[in-house]
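Dropping a structure here in structure tokens format, bear with me for questions.
First chain written, first letter: the chains are A, B and C, and each begins at residue 1.
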Amino acid sequence: MSLRSRIASETAIVLATLAAGLAVGAAVAAGFHAPPLRVMATMLTSWRSLPDVVAEYSAMLALTGAAFAVPVYAGLFNIGAEGSFQLGALVALWAALKWGGLAAPIALGVAAGALLSGLAGWLRVRLSVNEVLSTIMLNWIVYWLLLYLVATKLEDPYNPQRTLEVPRSSRLPWITIGSTQIPSTIVIAAAVLAVLWVFLRMTRWGLALRFAGANEWTSRTRGVNVGLYRVASMAVAGLLAGLAGAIHILGYSHAIDVIGGAVKGFGYNGIGVALMGRNDPLAIIPAAVLFATLLTGSSLVEPIYGVPKEAGDFIVGVIVVLLAVPEAFRLLSRLRRR
Amino acid sequence: MARGRRGASAAQVAAAILVIVVIAGAAAWWALGRSRSTATTTPAAQSQASTASATPTTSSASTTSAQQATGTNKKIKVLVLFDVGGKGDLSFNDMAILGAERASKDFGVEVKYLTPQSTDVMESLLRSVSKSGQYDLIIGIGFLWLDPMTKVAPEFPNQRYAIIDAAPQKPIKNLAAYVFREQEVAALVGILAADMAHNLGCNKVGAVAGMDIPPLWRFHIGYLYGVKYYDEYTHSNVTLVWTYTGTFTNPQVGKQTAEQMIKNGVCVLYGLAGLTHIGMFDAVKEAAQGGAKVVAIGEDASQEWYDPYHIVLSGLKRVDVAVYDAIKSVVYGNFTGGIHVLGLKNGGLGLSNAEMIKYFAELAAEQGKLPKGLTPDDVVNIVMKEREKLIDQTAWNLVHQLEQEIISGKVKFKTPANHQEYQEIIHQLEEGNLQAALETG
Amino acid sequence: MEPVVELRGIVKVYPDGVRALDGVSLRLYPGRVHAVLGENGAGKTTLMRILYGEIKPTRGELLLDGRPARFRGTRDAIRRGIAMIYQHPRLVPTLTVWENVLLYFASAGVPEGEAEERLEEARRITGFDVPLDARVEDLPLGARQRAEILRSIAAGARVLILDEPTTNLTPQEFEGLARAIEGAKREGLAVAYITHRLPEVKAIADLVTVLRRGRVVASELDPRGASEEELARLMVGELPPRPSRSRGGPGDRVVLSIEGLRARGRMEVFVERLEVREGEVLGLAGVEGNGQEELVGAIVGYTPRLSGRVVVLGRVNPTPREYYRAGAAYIPGDRSKALVLHFSVAENLAFLRYAHEGPALLTFSRLARLYREVAGEYGIVAESPWAPAGSLSGGNQQKLLAASQLHMRPRFLLAVNPTRGLDVATTRYVRGLIARLADEGAGVMLVSSDLDEIIELSDRVAVISRGRITGILPAGKATPERIGLLMGGAA
């Protein structure tokens, strides 16, 4: 099949599954005696009421989606974007409180994420510790560390429900478009994903990375250090997720609440985004926007139509699962072969 | 040839997707349609029955007077913003629904609900609904709404807001903050807990607490006060073991903490840690089944339904009353910003009674969470029987005595301003100085 | 004589519009071997899969014992006595041979009670002996093929289809196969023998039908009455000339030298001394699995060297990266292992060409330029540079692999089975490339299990057996007999 016809058939599949998902969503809405088309329309246009939320979630999910996608190219399944995201956020917050400014918090947040994920990659390459298990465990370690620090060292004495806030000097600016304002994190995310795409598709190292994941034997015979590429792919993933966490704190949430809600779920949702985007950094962007739009929309339909939030989440889940199914099949078969 | 195979597998995937779609659609229609029909009927039906003695009574005529009070024919609209847990948490959010539905029935106001997708979007969400201007009152449930409320409320001076269980540093004139004087209910619980410990043959009561934050300080002071109050009047020597778990969301930690406490001879455990103390309930149940004499006490909502043989009491934080009062103030046109303190006197706090136990047991039954083979009525009967076994009339008398002292204002608890003050009060109480917990004069 | 099976006017058009067969007829007679000869892509396998009920023809009919028959699937075909032995064995690898036999008998409708008796009979007919309790994955490919033939005959096949059966066989194994086919003929089985190898046709077939691009170009010829050259021309049309070496003789410079090398992969190899000079082709002959893989890996540097020295273009014991950077190239023996078939042609090319060293930025235009350059020079036919490598024919994949290495202008080339599975024309073309490279002054080490290839190209022939070099012969003395003896381990 030629490239063009492959893209065409892939697009057709995506559109068909999207239509199917929306149909199921409409059916669910109808089950609640809510007007199905209007419910779906509300969900799909959530950016109109909450442009900043949709923009921020798109940016975060695009980055964490990429954090899942990159190691897949090297043949690894990174479940650790969640941990890297939270660690990046935590470290950035800490650095911002300590030194202020943008450089230190971002650099340290990114480095922390990269180290955490790189550790899982190193364990896999050196000690054959399955990266799925190690990243999940690291996620939990980070999560408990985060909850502990949020409630102790970083707590705002006057607002014990959250940490101290990022000082003004460490906040990323917002962008004003007409009368709406959105966080600048979306610009950072788009730029990073574009660079990532160029790296993967247009550089010798990107090519070597993809071959290392697709065919270890041929890579070794061509002098490619497969282990190094694997560790590096995990480190890059951690870097992306850590960056997401850092700019989320600096550009949007400014603090973490005691239940960690401000930094929870981005990593795991990123997996769905990566699968929807067929692991391609450029396709991940629209996948992230769709996911963010639906996620935001699912809470908007509640007050308007009386459809509970869970039904909205169910609709999101159906659409994501349907769009992710083909890629998930592909990855699962690869996992089985391993 | 390879192409032929490829085509076939694409067709299979398409077919598989179609099948999934049909099944998922059918299942969703059925399941969600069903849950809705049950969910919509009960709270309204229940709201009447559960009108506890402490709730303000209103006549059906109030609907019209309310409309007149606001001076318009427009129906008053209220938006309730849930805590992240959302509907069905059998705690804060469900109690908020209880209060809102009751207000809706009594005053004919229209109530809408909204569950935020996460804590970090609360501020944007609140700003968005404020901007829409379609709600006469926006109520945030739980302390996580405090920050967004303090930031957004000043931006929309004509929008009325209420927040339950948290208060801003400085009063905001269009934000009504409803807080509870937790010491009052904790003190009543402390008396009963000490008596139960006495009757179970041990002399240690305990609490599995969440995080070391001001509301929990207040609980601690009240609980310890109650225990010491009991000791003083009955000349017994019950002591309190208080443990912060550091989390409101981890049942596993709650269970481990409770197991440790039981091992150390604690026989009455008070859960003050949200989800975390669900694990405490499990630990108590297991220990009791293993022959230990232990009981548990719930908090916030009436939690006896979870294990009626071993959870015999709950301290109630009446979020429903707070929500009801907030809506009522808008209906009658006497909404005021600032802090509104709820306590035993105005019905914002209390001990679980048969009605509340039954109401929450029914909510649990709807969600299929009630222990197998029990009906809501069974739960009430079991709990009442257990209470008779475990609590003497003397203790109830003490409870009523203290309750009267609180309501009459004779006993007024101090609210510590900082951690140091809190620890000083605890220290004094442990020394037996009951006065240390109270406002002087 | 009445045919057992007859295919009449078969047309097969695939859903994507490719016309694989265009009115092909074929008759199979009892007790006769009918060779179906054709290049890769001529439609031989498609025709056989139709006969075996695996795919349905677009038009045309199938007659069994003179009566029209329709197969709904391979199970139908098996029950009607048609058996197919694929190019690559299709046994369940995790089961034993015996379990595989029983599985097959179940679909053929053979009662389990008769299984042992029937297997015994089949063993007598074919002369094959296969360990029944061995797990299939532990057996070499040749033994798996023998197991498949055995079970097909035991299940009562009347028609035996062999699709390129010698792909995975050593010369000795081929003789065993020929004897088995003889036995089957005596029992009255009709045999269809699919191949593109002319010597096999002459050795085995009673009849030969030649396919070219989905059409019959010659039907039921007597192979003894036709020369190999004639058959080849029928098969491919015009042939490129046989490659010839100018044989100017090796130069002075040693490009590869091996001294006391010990290396271990799946087996251990030890090579006391081996040299390749510039302008020279050193052939390494041997039965597959006698240490070639390990030796090759130790030369390139991806198999650990335990002791000794490998010097490639002056670089002592190079890592793979150093090996290529020194100016050496490597064509691996298994193209499906060396390429990533779902990556594009251009990406495969760029990776194999530049992985060790090359431009940092590989833009689409640069990849396209590389592809145009290489495709033009080496005659690679692909739909586009962005088509997946797997969409290329085997011959074009092999050309792609070879071209990526020759494009480096190497001064030493290590080539393993560079023409395996290729049709005559492509084989000649690839061999020509290697000959030309040596003539231009590069040193070549040619590792091949194809003796014709070794003899045709080599200046000297080394023979490997059980991990040791058993002899080195100069071109003049390297006859198949001498080499064969050394391959068997004789000194």
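The definition used in the following text is that contacts are C-beta pairs under 8 Å (C-beta built on N, C-alpha and C of every residue); 3 or more make two chains touch, one makes a residue touch a chain.
It should be emphasised that the depicted structure is a prediction, and the values quoted were computed from it without experimental measurement.
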### Task
Find me the chain with the mean Cα position closest to the mean of all the protein Cα atoms on display.
A
### Message
For this structure, I'd like the pair of chains sharing the most C-beta contacts.
### Response
A-B
## Note on the structure
subunit B and subunit C have mean C-alpha positions lying a whole-number Å distance apart equal to 75
### Task
Would you mind pulling out the distance in Å between where the CA atoms of subunit A average out and where those of subunit B do?
34
### Query
Whole-Å distance, subunit A centre to subunit C centre, using C-alpha means?
47
### Task
For subunit A, jot down the residues that touch at least 2 other chains.
1
### Task
Can you tell me which residues of subunit B touch two or more of the remaining chains?
3
### Task
Provide the list of subunit C residues touching at least two other chains, using ranges where the numbers run on.
391
#### Entry: Of subunit A, residues touching subunit C in the complex
1-3, 202-205, 207-208, 210-211, 214-215, 217-224
### Task
Write out the stretch or stretches of subunit B touching subunit A in their complex.
3, 6, 10, 13-14, 16-18, 20-21, 24-25, 28-30, 32-33, 36, 39, 79, 84, 86-87, 112-121, 124-125, 128-129, 132, 143-144, 146-147, 166, 169, 211-214, 246-249
### Query
Any idea which subunit A residues touch subunit B in the complex?
1, 9, 13, 16-17, 20-21, 23-24, 27-28, 30-33, 49-50, 52-53, 56-57, 147-148, 151, 158-162, 248, 252-253, 255, 257-259, 261-265, 295-296, 298-299, 302-304, 306, 308-311, 314, 318, 322, 325-326, 329
#### Entry: Parts of subunit C lying in touch with subunit A, wherever the complex brings them together
297, 300-302, 319-324, 330, 332, 337-340, 342-344, 347, 350-352, 354-356, 358-364, 383-384, 386-388, 391
